[in-house]
Amino acid sequence: MRVDGRTEYELRPVKIETHFLTNPEGSVLISVGQTKVICTASIEERVPPFMRGSGKGWVTAEYAMIPRATGQRNMRESTKGKVTGRTMEIQRLIGRALRAVVDLDVIGERTVWIDCDVIQADGGTRTAAITGAFIAMTLALHSLAIKKDFQAYPITDFLAATSVGIVKEQGVVVDLNYEEDSTAEVDMNVVMTGSGQFVEVQGTGEEATFSMNELQQLLEAAQSGIQELFKIQSDVLGVAADLINERKTEK
Amino acid sequence: MRVDGRTEYELRPVKIETHFLTNPEGSVLISVGQTKVICTASIEERVPPFMRGSGKGWVTAEYAMIPRATGQRNMRESTKGKVTGRTMEIQRLIGRALRAVVDLDVIGERTVWIDCDVIQADGGTRTAAITGAFIAMTLALHSLAIKKDFQAYPITDFLAATSVGIVKEQGVVVDLNYEEDSTAEVDMNVVMTGSGQFVEVQGTGEEATFSMNELQQLLEAAQSGIQELFKIQSDVLGVAADLINERKTEK
Amino acid sequence: MRVDGRTEYELRPVKIETHFLTNPEGSVLISVGQTKVICTASIEERVPPFMRGSGKGWVTAEYAMIPRATGQRNMRESTKGKVTGRTMEIQRLIGRALRAVVDLDVIGERTVWIDCDVIQADGGTRTAAITGAFIAMTLALHSLAIKKDFQAYPITDFLAATSVGIVKEQGVVVDLNYEEDSTAEVDMNVVMTGSGQFVEVQGTGEEATFSMNELQQLLEAAQSGIQELFKIQSDVLGVAADLINERKTEK
Amino acid sequence: MRVDGRTEYELRPVKIETHFLTNPEGSVLISVGQTKVICTASIEERVPPFMRGSGKGWVTAEYAMIPRATGQRNMRESTKGKVTGRTMEIQRLIGRALRAVVDLDVIGERTVWIDCDVIQADGGTRTAAITGAFIAMTLALHSLAIKKDFQAYPITDFLAATSVGIVKEQGVVVDLNYEEDSTAEVDMNVVMTGSGQFVEVQGTGEEATFSMNELQQLLEAAQSGIQELFKIQSDVLGVAADLINERKTEK
Amino acid sequence: MRVDGRTEYELRPVKIETHFLTNPEGSVLISVGQTKVICTASIEERVPPFMRGSGKGWVTAEYAMIPRATGQRNMRESTKGKVTGRTMEIQRLIGRALRAVVDLDVIGERTVWIDCDVIQADGGTRTAAITGAFIAMTLALHSLAIKKDFQAYPITDFLAATSVGIVKEQGVVVDLNYEEDSTAEVDMNVVMTGSGQFVEVQGTGEEATFSMNELQQLLEAAQSGIQELFKIQSDVLGVAADLINERKTEK
Amino acid sequence: MRVDGRTEYELRPVKIETHFLTNPEGSVLISVGQTKVICTASIEERVPPFMRGSGKGWVTAEYAMIPRATGQRNMRESTKGKVTGRTMEIQRLIGRALRAVVDLDVIGERTVWIDCDVIQADGGTRTAAITGAFIAMTLALHSLAIKKDFQAYPITDFLAATSVGIVKEQGVVVDLNYEEDSTAEVDMNVVMTGSGQFVEVQGTGEEATFSMNELQQLLEAAQSGIQELFKIQSDVLGVAADLINERKTEK
């Protein structure tokens, strides 16, 4: 049994509250256990300089924590005057992952800005951010798709992420909370599509290593957890979910 | 009648959700109409260098908006690499205001860090932040007071703030929303204590001016609005409210 | 009697040396007692991006102190790599105040850059800066008005500022020097126009509060002090003063 | 056949020039095809604040490119005033990977600073940096081990890294050069120990995805390439290689 | 004849107003023609980290221009968030030059902070800064010497600087104003001691070069100009000048 | 005899390896004794804003050291977030010096970016950088000259630099290594053209001074050292050397 009573492959309770804020084109508050992230999607009618004239769109992401999302208060990055390496790594990951399921040709020269603001952190903030940001982005692009009469539905597949790890005594576990994450020997973040393909696999054994066999188990555990997330996303998205499924089968 | 149907001196609906987050010593989500601010209070067991050895505590505040709190997405200050003048002005104001009702001798060499993160902005974010931060700070110091057996209750009075302004056609109005704020000729933020004393009065006539008579009306309107806020704060604080009232009468 | 022998409502000696520097379109050295500020006004033939195409001009201000303006040497903000919150607050105040008496439509798409560099600080640097910057700006716009044949005189009224405060033993006093400022319970900066209207009122009771009655007295004291400043400004400006008065009565 | 005539699993020629510089405790110039990286290891007799008093050492890494390592000149990060997200991601990866094969208890409160400066970039700079930095670090710690009479040899295993990817027409290939990297659908960096354990697996399908089966093939290809690198490292290290092998078998 | 009617070796009128400000331990306003620099010297009772424990003092300098010292307004370095290369070069030069005539052993572990703030720039600001800063520093150290009963007078010689250059038609000229400086083919700054020794010689032929013979002439011209400056410094310093001369002859 | 056995006017062994890197238009690795600098020249098909429309080209330089070029590891300037004063001074010097021998009219609106990256530092890095950068720049502009059919050869003369100094016991010496540089009383960097003209003379007597006679000797010593460098440059450049000599005699 894990510290919070879950079985090895069990996710924490996931709650996705859509339209959490009134201003963004898409927004959700996602809770994965005690981890809570506000994800918003904003549509800008232009692309960054390196994409201009390409006829294609772009998706970019930013990630932050409020100072007291954690047990100890963290200094704001605006006060420090710079963004930490950890934040940069995470926001690059989120943007890359989301671009895997958006048809950038369909949306044309527009940027989708994803903002993931963690208001409470209990492990797995980056994977919760991806899972939630996918919903916020879909809401925003769905509205746009209705207004703009796109050639195809702009979202080509579902996308969700979870963490897996190897924890002493339990072995391979899914969706680590902060306590588990702090003591895990191996930590892996996995992003997958609704079609069961991998988008990102990032496994790290800080001061430890892992065998091919363990890697195998971690990936299977991640797959099983992410399947659960797709069901939750599907329920939340309603008609948008149907359109994604339709687009997915056309591939 | 105002754009949202309120009378001149009527506040927007105010909702204060306490213990909104689990990590901070004190936290609230305050809503004033569509304006929503997460206020947290964190206790640090030391003071900034300029206070060391004084035996006295300190209260300091930070303020930020998530990028899509507003109609248009704003660039993050961490991405810009610096905090704007507007943010600095606001966080200095919040800190100064809160210090007026804390007995810094009583709390000893500790810092109360106040963080006000605006997740939705519809005018009056700085005054909502003050009104909410007072609750978060009181919750944090109340818990501390219970554990530490202070010589006196550390909160000496209530504290709340509102905006008032002069808007064409309506004249003097209380608690301006974004639309009113954008068109107001005079804009004033007023912070008061439960005893009816002023802590801060900041009135500005950008590209306009105001007479002594108008100033008088603005101050009276602010007083009436802030009285309402004290009632709401009192309900929310329960026993802590009683202890503040006790301490207040001792003065 | 105050520490420097003044009566409660008495200003320190004010001296305004015009055309102090040869390069700026307008410049003064203003001394208010031991406080000395170089104020320059520079005309730029364009406006910031957010004003382009509006047909209107802009006034913006910057404020700094040389390191040894004060008793202790302060680190330069350029060395720190950032502007402090205090500086930002002051320069926003100066810009806002000056814009209240400039007809931005008349000057067209031009920016007036105001620079206030404090070379000696003995309290009241921001109010001295406003009073002096008004003269520098008028000198610059007066020259421009002569050359450009504007539709109306671009300065619509006089503008000056002073500080008032409540000091133990003396009570309400006008134009606080550094020593008084350090011990004042309430500190208020007031900016007014020649017509007796308020432009800015910023009153703060750090670790203290003030009543409606005290606020009243502070405002009256400020009014009396600022009247004195208008006389000095008027003497210094000569013909420009007449043109301002003419424009003022047209309103 | 690949663009440069290699077979799918063939590495580019690898050359490791040890003692390339005279000042660092350890240094190499590693060439992997046209990619060239100067790796240095410096010993500092203290650890960062978060490790003080732990009795353990630390390994940290920095990574940079000279401006003209690439086909187009890149602006220096010192001129930009900040380190990019890509650089931060890479230097965090290098540090983490190296720490997996250092016995931090043995080296005591010392920091090994690894600097990887790319002077020519043709794909795979981060994996070349890890492979080379391992040698530089071993040289530095070997010298220290001789002088300090450590309880055990401080390097516990070999460490090397390569990239693998899926390129149209070729399928899975090892050690991608810049041209292959630019067109690869999937890109994966793998870090392994001499014992055949994984330390880091980072696979990304930017605007593409990959199946479990493809992931399998990629990992096997990486293993085969890294085996080659261990032989080269072993030849270069001589006696130090023997000591690592001894320590490895003790585990 | 030169643009302003001077002969080739003639300095512009030099005026040194001592005790220009009340707060600094030493201060002057130096005017060299239209160039005006406020120079202050502040004594700090400690040295920078790299000098601690040496028993010796330090002299360091900072240099800045107010935005409208020049014909066109320059952006403040604090607003830019960084100090330009030109400023750094100048402040390093000033500090180095002054240290040549201070007995750092005599003053003990103290720092003399020199601040040179240019309020009007018409060429030669760095040499005017050195000539003026020498006076400010001497005033500050003279007062200290009186109080502290030093083992020897802390200033060991006079120090002054001028610019020389080669201007088309005039040839070698001394003390170039802005107009001459802009068109000079060769530009040289020379710092000398009262004993006729060189401290700094910085000659530059931007887009031009100069022969050994021309270099000779430039140095002689500089010597003649600097002799004039020593006379002015001597008159201004009075008794301090005598003590410097005494100390100088002891060498 | 000097510390490394050289005679007073003897240079350290100089080695210039051309085409050291494959990407830059021109590149060398220059070694002057143990000092080693990678110099690259990159051609950009546009000029900085202040040169646009002038029809003329520009040459600009950047300089850096890898962290462990020196005995002690230096923090990277990218990590510090700013470029030091020393670096700025050096890169301004390199750019200025190179511009003296390039016909900016001939190359048209193009920028030559010079990058000097010190990989090993043993004194004289800035003069080695200039001597090496001249070769890198010539290689780049020579290739361009061949392709573009310029009106004249763009390099108008040779350019090289060395350091000279006054060291106790030896007196005047040429090409100081780190140990000599650290103890020199006077330190001078001299840049000259193949025609024997001076481009830059920067002599500094930190905590010491020098007489006219010593200055004379220093300049003569520099001349003799730089003559040696021209021979080495000539050998390395081959046909480009002939074209420079041709262009030089046309002047």
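Going in written order, the chains are labelled A, B, C, D, E and F, and every chain counts its residues from 1.
To be clear about the criterion, contacts are C-beta pairs under 8 Å (C-beta built on N, C-alpha and C of every residue); 3 or more make two chains touch, one makes a residue touch a chain.
The shown structure was predicted, so the numbers you read here are calculated from the model rather than taken from an experiment.
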For this session: Supply the minimal count of touching-chain steps required to go from chain A to chain D.
Result: 1
Exercise. Hey, what chains does chain A share as contacts with chain C?
Worked result: B
For this session: Return the chains common to the contact lists of chain C and chain D.
Result: none
Exercise. For the two copies chain B and chain D, what is the rotation angle that overlays their Cα atoms, in steps of 5 degrees?
Worked result: 120
For this session: Would you identify the chain whose Cα-based centre sits farthest away from the centre of chain E?
Result: A
Seminar exercise, completed: Note: among C-E, A-B or E-F, over half of the A-D contact pairs reappear in E-F
Exercise. In whole angstrom, what separates the CA-based centres of chain D and chain F?
Worked result: 34
Exercise. If you average the CA atoms of chain B and of chain F, how many Å lie between those two points?
Worked result: 61
Seminar exercise, completed: Separation of the C-alpha centres, chain B versus chain C, in whole Å, is 29
For this session: Round to the nearest whole Å and give the separation of the Cα centres of chain C and chain F.
Result: 52
For this session: For chain F, jot down the residues that touch at least 2 other chains.
Result: 81-83
Exercise. Since the chains close into one ring, what order do they take if you set off from chain E toward chain F?
Worked result: E, F, D, A, B, C
Exercise. Which of the residues in chain B end up touching chain A in this complex?
Worked result: 21-24, 27, 34, 38, 40, 42, 44, 62, 64, 66-71, 73, 76-83, 87, 113, 115, 117, 119-120
Problem set entry | chain A residues within the chain D interface of the complex | 82-86, 88-89, 91-92, 96, 99-100, 104, 188, 193, 195-212, 215, 219, 223
